[in-house]
Each structure stands twice: as structure tokens, then as C-alpha cells.
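You will see two complexes here that share chain A, one where it goes with chain B and one where it goes with chain C.
Moving on to the complex of A and B:
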């Protein structure tokens, strides 16, 4: 005899389950009535930002802005990868609960612009004399535009700085001098290396860009791949040799997070990376090199010293936001001249030329760093990675010869392959852009 | 020759057995070391300064500092996130158990294999593929950023998990016990409530504990659905990783702090856990 027939029939259980599902569905539909429509007075202005010294400095000041607009502000800080993942999920679903978005103008902006996720700010920035759009440095300003439309406002800029040990060497003025000094100071037996830098396939590309420009090359030349050029080949070979002969073991696994502690632990003589991380070497809680660290501009290559000067992080407005006016008010406040001067005085490099021209705002930086930043900003080129739609994929292709060079393998065959692949990629990427 | 072989053979077997025993001991020690070493490193790093954490010369002998824990408590966000994780974990686990345990009983008792397979699909579908539609749905309802959405999304993981553990558990319990209850005048639900459910306590505890641990560690749902006030622990941990630096000491101290409740729950529930995991393995 079947047990089921005795206790509760299958059909009976099915009815019970259907009833429960209907109850849950009705509850959900009931809840639906709370969504949609105009934002309420207590709806917060939601800001999604990178966990960066800039955001950490702005967060305590939000009270002032809340009083100004009469609306609560909610600020969520995430790492760069998490931020990108969250944007992809939320904006694919036309999210209205993100108002101000912190984006990388050179990384996410092209594809976000293609998807129509960023509000066009052109009229707002040009029509606001007090905001003074022309005060932003030329290179970061240019990088904030996509197809002639201003889609973001730069708040933090970045250039490569040469960090070096004052007790061991003078700052090299050229890349050749850097190579000689690095090789000379390397002593693997004692665990000391002449140079440390990013060697990760994709992560190294942005720092390598300054070497590429200083050798006279670029990622894309006249719409075609530039990584197979003579200048790019020389830059690849140089960087590979530098880390192969003077770098620490495992350099191909190193991005900023791995390379920086090696210099901070006093195990390398030279390190070139973003100037925004300088405080990591001065804080005795993190660094053991402290006062021995010197700062210098990017050394000159055969084409001169040509570092990048990029807007590392910018503010944009979500197209689907229902608080676009308030979001713009936030950008005016957070990227305005007063806030820029205040933050730069606290050691956070901003994007406004007037702030860089004011010696008071540079007082918080070590004098040699301030000078290096100023020089690099003047010489700077406004991009540090290929300016394409699928930046991540492009970086993977461009970074392949770097890894081969660092591992001491022949670079030229890898460059040939990467060049052909990048050329194909550019064709496909252009098709995407036009679609 | 045969006689001597007969005499030496037991001794040889003993030696071989001892040798195998030693080998097994070494293998267990190696495996334990591999699993325990990262945890030991985490605990040690929680008491180091950031300079010591990144210096390979500093091993396990150093002057410990409580600075990292002090910073965490002062900053407060980790403690708040732990409260959020606890709330989401407990509520989602209790609700899931309330739904999944009777459902598992029904599937197990009435041999609803197709329904069981359908529920398994929920475990197979990668949760990330559901994020966009879910986000759209919850945003329309106005639930994003609330505890409700975190609990509901977590239940998507917990309900099938508890069901699948409990189906085999109920299938292993003798049906005659319920039949006896029915003979004595109990309703179908009464027999389940008064007879089967108490017998299933170890299985329910096991399944609930696992569901709670899954919820405690869930990162993806919290990343997308939570806001700054409802952020749970796995996401809050990333506050120690900023663009230009990582606060390793703070990160390890926070990781230590959030590991403790799960370890305590596992130790307390270990008795049930072992009983629950083995009970469903064979039919009596």
C-alpha cells in the first residue's frame, strides 16, 4: 500500500504548493506598488566610488554637501574590480539607485559611453562659468571626452614618478642611466634589486606606456597597431631587460600591490609607478625606507621624457538616475576649485591647473615630488593604455611581449604575433564602435 | 622454507602495517599543515604591523600589537557588517529551513523525483547569471539596499541546499513510524510535526549550519544588492584594500574576527553535523 496515498496525496501537496506560490507572488506584486515614480524627499543621493584616498577624504565632508542640497548622501566604496562588476550588473538592469559614478575615463568610459550609461555633461561643464571647465589640465580634460561629448569630470590625476633611494644613487636623467644604475646595484645574493616595477601582463601596460612614448612610439598610430614599430620594439626590449636583469624574481606576477612593498621594504633601488602612492613610502607604519626615498621626474628616452598624465578617476552621472541635477551639484562641489585646493593641500593630486599653480597646495608634498609631478604634468600625454572600447582585452594583447622580455625570452617573435593580433583586434573593436 | 615463511609472515605484515600507519600519519600531518598554515598566517598577521606583514624575514616570532584590532573597533564598520551578516544569515537560514524541511519531507516521502531534480537545477544554475534579472526585479520593487533582498537572494542558495540534504535524510527514516502515528489519530502534518521532524533534528541542524556558513561567506549578492548601511562582512573586508595600498594588518584582524563566529558555530554544531551527514548516507 502506498504511503503517499494514505498521508497526503501528491495532487493535494501540489495544490498546497501552488497556494503557497500564489501567496508569495501576491506579496511580491503588492510590494511592487512601492517602486517607480519620482524620487521621494528622503531618497538618498547614491554615490559609488573607488576606495581611494580621494573618496576617503571626501566622505567626512559629505555633511556639508547634505546641508547644502537638503538630501542625504549615501557613499559606497569598493575596489576597482568590484566597482566595475557592480556597474555592469546594475546598469545592465537600468538601475536608478546609482546617481554619481566614479569611473576611469580611460578604462570603463569608452564602453559605458557606447552603452549609453553616462549622462552627457557637455552643456553643464561649458555653461557653468563658476565651475570653469578650462581650468582642468588639458590632458585629463581631453581624456574625459568621448566622441566630442564630455562624459566625466576628472578628480584625481596620475603620472609616473621615479622613486629612488637617495642613500644609494642619484636620480637618473635618462633611461640608459636608469638601466646602468639598476644593473650595477642588483645583488640577488643579498636579496637586493636595482629596479622593481609592474611585470604582470595586463597590469604593466599602463606603466610601460611612458617608456613606449619616451622611445617615440604609441599603442595605435593612425588607427593601426603601433606595437610592432621599431620604437615600440625598443621599448619592449628595454623594459624586459630592465626587469629581467635588475628586477626581483616573480616580476611577471607583480602589479602595484606586489611591487610597491618590495621598494617599501628597502629591497630595491629604483621604482617607477603612480605618483599618487608616494605616501606609502613615507608612512613608517607601512614603509621601512622613509627619509631615504627621493622623487624624480620620468627619465628621458631617445624621444625625450614623455610620461603619461591621466585622469585616473573621474565622476560621471548615471543616465538612469532620477537625481541628475543633484548629482551634478555633487560634482560641482566635489570637483570644484575650493575642494580641489583643499584636497591637494592634503596631499591628493587634483586635475585643476589653478591648484597646481598655487604653491600653497603643493606644500604638503615633499619638494622634490612636487617638482617631479609638476614637470611630468607639463610633459604628460593623456592616455596610458590603448584608447579602444575593449580596454581589458587590448591590454592583454599588448602586455604579452612584456612578459616574454621579463622572462628573458626572445621578444621579437612575440611582438610580431601580438602586433598581428592587435591589428585584428582594432578592426573588430572599430566595428563594435560603429555598431 | 615454507615453515620459516609461515613464521616470519605475521611479523612482516605487522611491520608493513606499522610502516603504512606511519606513512598515513605523515600524509595526515602534511595535509593538515597545508590547510592550517594559511589560518596560522592570518592569525599571526592580525597581530603584526604592516611593515612586519610584508617582510618575509618576520615569521612567527615578533612583538605582537593589538593596534589592528583597536583600529577595527574604532572604525566600527566591521562590527556593523558582522551584525548585518548575522541578521541575514540567521533570518535566511530559519526561513529556508521552514520552507525546505517540509518540502524535503514531501519530496522524499512521495518520491517526487522530478520535483527534486527541478530543485537541483537551482543549485546548478550559476547565481551570477541571475544577478541582472534579479537586480532589475528588486530595483523595480524598491528593495535594493534592504535586508529583505539580501535574505531573499540568500534563500535561493539555502532552500535547495537544505532540501537536498534533508531529502536523503527523510528517505532514510522508517515510514512505519508515521503510519503508527496516523493509526493513533494524527493527521498527515501532525505525524510529520510530532514524529518525523524531531527525528530529523540532527539533519536539520547540519543543513542549517551549512546554509548559515554559505550565507556568512556570500560575497556576490551582498556586493550588488547591499548598500552602505546593509553591507555584509565579505564586502566590508574589501574596505581594507584601497586603490594604492592594502592594510594587511587590518584585513587579517578583520578576517580573524569574522572567522570566530563560524568556527564557534561549527564546534558547537559538530555533534549534529557528523550525525546529520552520516544519517542520510544509508537506509536503515
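Moving on to the complex of A and C:
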């Protein structure tokens, strides 16, 4: 055979290139198709979840579920930011390699619903008497619905708890008492601070919501920005002053991960954050405060004590999943009454009213925490951030005056600016909702 | 020309060309086709991995894409570019921070890298150990470096403030402070990337001829004069290349900024560079059209920086 005869002609080369491009394109399109094709018997049910006490408690129990459905289960645990970014990347590509999605009903769900990324569970939850949808607490149940359709099922709920040092102070009943005691106990020279809490622009918004409600305000009032109201201004000024005068240095860089260790290491007298993290202060491996920690309900503001009570994490089903029935079976099992009772007995606050009414499931919580959780749940408001489509941008706007206050800058000009920006944002957000 | 003549000339032309479907006649023709066959994988890679994403991003930047990339979107012309370029709250401060971070960090890394390279130029005892230790920061994952420094520099529990307090110096907020964050991040970048500059410049130094320096020594030039007037001009091309490589990398810095300051580059956007801003627009705000426009502007900015640096180093080479 001659050398030249082994070579491709120009036309042959063109055909080969076109064929290769077509194959690649077809492959890519095939991969992007909406849940096309049947899953194989050995295709695992894929769950993506937050690295949280709930997921860590469910993981060892997965064997039981695998035996029940006869299918392997794979569970990936990520941080909240990683989880949100992964969903964005995967679902933009209509990926089928995630079936059950752990989502925040108040953070990602609105925009995921807008994109059509979550399976409608309305008929499934209402048509299953054993699952008993009405057993879920009213506020978390409401937050699971978008435009009247149930898109997720809450598994973990959260309220703000007041953590305090029993050896240093009594639990304050009002926000004014909290301010006085915090300022009095602060001693920066000794590295001790009266109060520690979230101060990051976006991260602080959800904790600040309870202060806002207790001052009588809300993020949105009658469809318009509520952050410029007198109540909101007072709440901004209060929170800024609390962390500026009684908080540790660098508070504006603090979210849960930075604030919690400061209280756990005995460097702060008061700390208000999610009640689900209480065990971090009782574990002698990571906490030096141990038995000195007390738990109390959220203090009263001028409008009374009005904490939030929200579904912090819920389970939904990827609309592109090829295992939607199995995914629903998993949700039935993981959010069912038996599992909820089992997990709450292990110290993980769930969303079912029947479980909260059962004293046995509260036995694992310290008695004062169980009481604080019960009271906060009764008083609770079902959202802790603006209920909009672009929650991330809204939090960035709403959080700006908080940062100014914590840094000791004049707050009112920043509130005026943020209020105007938030008003513009709401108009654009409504436009997106209607599109 | 008559019809017969035209036919005759066409027949002559056809007989000169190799018949359709047959193999090429000459080795040159064969080589020409073989060249394309060999190039195909590289061209396909460039097409799939560079040209397509770039074209897709440019197309996306001209739309109002929101929520999901494949959602219904409308072409809005250059509106996203106008919105970005008229945004004095986030875009222009991010450009400013990107420039400050890059110029500050790369300048320090170049000076320190050159100094270390000069020190390590002549063999000394333990040189292999020093070189090994030097490359450790280069081999460490940026996110791990970010978390490590976050713990060291924690204003309340970090070891840095304990050390400062132990020698009677005031405590610092470091990454917890709005004003100290960017300088602190530049220093972390210097800690991580100075070794790379050192290695690049050391490689450049080893290729320099020794005769010009020896001649200067004979003429009575001192160490500084030999460095300033002999070594530095000869090292120009190596410094230029190292600057371009490092500057492009520094412009794109993301992981350390995100690991230490979180979304938006901190509470007052104090460490929000263009990269962090574009990431936030994409993953936190789902404003894909605007994010694509910012990325296109950022790409043009990087190309501009490379062109300027290459021209300057080219002019120096010519001189």
C-alpha cells in the first residue's frame, strides 16, 4: 500500500469531522435531555444534602431504606454554598444525576420553582393519608408552597435561641435588658464580650429578622419595601449598637462558623442563633462552657417577642430525575412520622406537630431549651428573609445598614439608600416573577 | 475563444488534476493533508473548550437571561454592558480592587522573588532543603490556604493576635476589618506566589552568561552596580515573562478571596474583585446575562493587560 493511499482525501476529512461533531453534539444533547430513557436496575438513587446533623443522622439509616426499595442509595454531603452552586450547575444542564435535593424553602426554592427545577409534590402529599401532610407545622408547611403548589417537604426547623452564661447573668426578658447586660459585661481588655452574633452583610439578615419583627417591622409591607420604616430603623440601630458596643472585633466578617466558637470558648456572655446548634455548646470536645450554658426564648422588643420559626432544610425532587417515584418514597420515609420522632428523640428539631406534642421526643433536649423551642415555635413567624425570587440580592441590600451600624457609622443615610435600592429591586423582582 | 477551444482547454486542465476519489500524487500534497489530520484533535479541543464557551458567553451577554441559562430569554443588545459600565456601586469598585490587588501583590512578589533568586543563585549548604520548603505554598490548595490564614488571623481566637499581644503590640482585625482585608489578602497571595516568581527568575538567572559580570567586576563595579547595570538588563525578558504569567493569574484570583471573605467579598464588598462579582451575579443572583457581560469585559481587560505587558517587555528586549 502506498503512503498516499492511506491518507484521507479533503472530502473524506470533511465527512469525518462532520461525523465527529455530530456525534459529540448528539451525545451532549442526549445528556441534556429531560429525564429521557429508563434508569437501569443498578442506577442508585442520588441524594444531595447539606452537611448537617440531620443528614449525618439519616446516613447510617439508609441501609434500611435500600432494603425497602431494593435500590442502592448514594448520599453526597456539601456545605450550603457548595450545594446551591452544584444545583445551579447541574440543573442548568438538566442533569439527571441528582434525584432528591435538600433545599432551603426560603432561599433556593423560589428561583428553582421559577426555573421549573422542582417536581410538583402537591398530589403526592395530599393523596397520602399515611404521610399526613396536615401534621406538619403551619409555618413550615406554608413555606414549602410556591404559587399554591407544594414543592418541598420540611425536615428540619429552626428558631432563634438565646444562649447565655448562667454563671454570669440571668436570661434577659427584653431586648433592652439584653443590651444593658451585654454592654455591662463587655471587657475587651480581657478579651471578653457581652454579645456575639452574626454580622456578615447577608448572613446576619436571617438572625436580624427576629429583632425586626420584635420591633414591629417586616422586610416587605403591602408589597413595598419595609426596611425604611420607623420600626425597621429602630431594629437596625439596635442590632448595630449591640455588636458595635458589646461584640467582638471583626464582627462584620462573622457568620455562624465564626460566631459560634467565640461563645463555645467562653469569650461571650450572650449569643442568639439557631436552636439546632445547641449541641455544639454541650460537647466538651469543642466547648469550654458546657454546664454553664443556659437557654431562653427570644427576648421581647417593643412589639413583643416575635422570633422566626422556619423550615431551615427541606427535601424536593429534581424535575429531570428518572427516579421520581423512588425519590418520593425516600421523602415519605425520611420525613415520615416514625423517622421524625426518631430523629427528634436524638435531638434534631423536626417539622411535625405530633412529634412536638410528644414529651418523649423532647427528652433529649435540655429542659430549658425544650421550653424555649416550644415557646418560640408558638410565637414564630414563617420567614426569616425577604420572600422574593432573588433572595441573595435582597439579603445583600437589606444587610447593608446592619454592617454600617456594626462598624459604628451613621445608619440612617445607609437605610435611606438601601430602602430606595430595595424598592427598585422589588419592582424588578416582580417583573421576573411575572416573566 | 470558440466552443471547441474552450472544451479542449478544459480537458487539458482536467488531465493535469488528479482524478476525483484517487489518492494525491505528490508527497507535498500528502503531507498537507496529514498536517490537518494531526491538527484535528487540537482544533476540536480549542473549538469545544474555548471558542464555543466564549461565543456562548458573548451571546448570553446580549440577553436578559435570568434564573436558568436555558430559560426563555430575549436579546437586549448592549444593555447589560451599559448597566455594568454605569454601575458605580459594585462594578467600578470591583475593577479598582482587582487592579490594586494585582498590582500590589505582583509588585511585591517580583521584588521579593528577585531578591530570593539572587540569594539562591550561588550554591550553598542546604540549598535543596530551602528549595523544597519554598515550593510548599505552591503545592497547597488555595482554599486550604484561605482557611489556614483565616484561623491564624482570627481577631479573637487566632494565633497572630496572641503573638502581637505577647510582644506588647495592639491587636489587629486583619480579615475581619473592612480596611485591612484587601492588604491582608495581598500579603497571603505574596506568601503563596513569591516562590513561583523566585523559581522563574532563578531559571532566568542560570541562563545568563557570566562574562559580562566578570568584566564589570574587573572594571571595579560593586555588587549593586553589577546587579543594577548588568544582571537586571539581561534578566529583563525573564522578568517580563514572569510578570505576564503572574499578573494574569493574580487578576483571576478567586479561591482565596472566596474562602476567606465569602460571597460578595465581605460585608462591605471590601474584597470583591471582578471575578468574585461575576461569580455572585451567576450563582447568588442568577443574573446570567449581566454576569456574562461582566465576564466579557473582564476578558477584554485581561487581554489588554497582557498586550500592554508584552509590548513593554518587547520594547525593552529590542532596546
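Quick note on the criterion: the second predicted complex is superposed on the first by the 399 of 435 C-alpha atoms of A that agree within 3 Å, B and C clash if a C-alpha of one lies under 4 Å from a C-alpha of the other, contacts with A are read in each partner's own complex, and residues count from 1 in each chain.
Following the convention adopted for this analysis, a residue touches a chain if its C-beta (ideal position, glycine included) is under 8 Å from a C-beta of that chain, and two chains touch if they have at least 3 such contacts.
All values reported here derive from a predicted model rather than from experimental measurement.
Using the contact criterion defined above for the overlaid structures, shared-chain residue A:69 touches neither chain B nor chain C, since it reaches no partner. By the touch criterion stated above, A:202 is placed in contact with chain C alone, chain B being left untouched. After overlaying the two complexes on the shared chain, residue contacts for A:253 are found with chain C alone; chain B is out of touch.
Contacts of A:77 after superposition: chain B is touched, whereas chain C is not reached.
Of the two partner chains placed by the overlay, chain B and chain C both lie in contact with A:265.
Once the two complexes are laid over each other on the shared chain, residue contacts for A:85 go to chain B and to chain C alike. By the document's definition of touching, of the two partners only chain B reaches A:285; chain C does not. In the superposition on chain A, A:183 makes contact with neither chain B nor chain C.
After overlaying the two complexes on the shared chain, residue contacts for A:303 are found with neither chain B nor chain C.
Residues 3-4, 7-8, 10, 13, 17, 85, 92, 94, 261, 265 of chain A touch chain B in one complex and chain C in the other. For chain A in complex with chain B, the touching residues are 3-4, 6-8, 10, 13, 17, 28, 31-32, 34-36, 46, 50-53, 56, 74-80, 82, 85-86, 89-90, 92-97, 256-257, 260-261, 264-265, 274, 276-277, 280, 284-288, 313.
Chain contact summary for the complex, chain B toward chain A: residues 49-51, 54-55, 103, 106, 109-112, 131-133, 135-136, 139-145, 175, 178-179, 182, 188-189, 191, 223-224, 227-229, 231, 235, 238-239, 241-246.
Those residues of chain A lying in contact with chain C across their complex are 2-5, 7-10, 13, 17, 20, 24, 81, 84-85, 88, 91-92, 94, 111, 114-117, 191, 199-203, 248-255, 258, 261-262, 265, 267, 389-390, 392-393, 396, 399, 403, 406-407, 432, 435. By the touch rule above, chain C contacts chain A in their complex via residues 21, 23-25, 27, 29-30, 33-34, 36-37, 40, 44, 48, 66-72, 154-157, 171, 173-178, 181, 261-264, 266-268, 280, 282-287.
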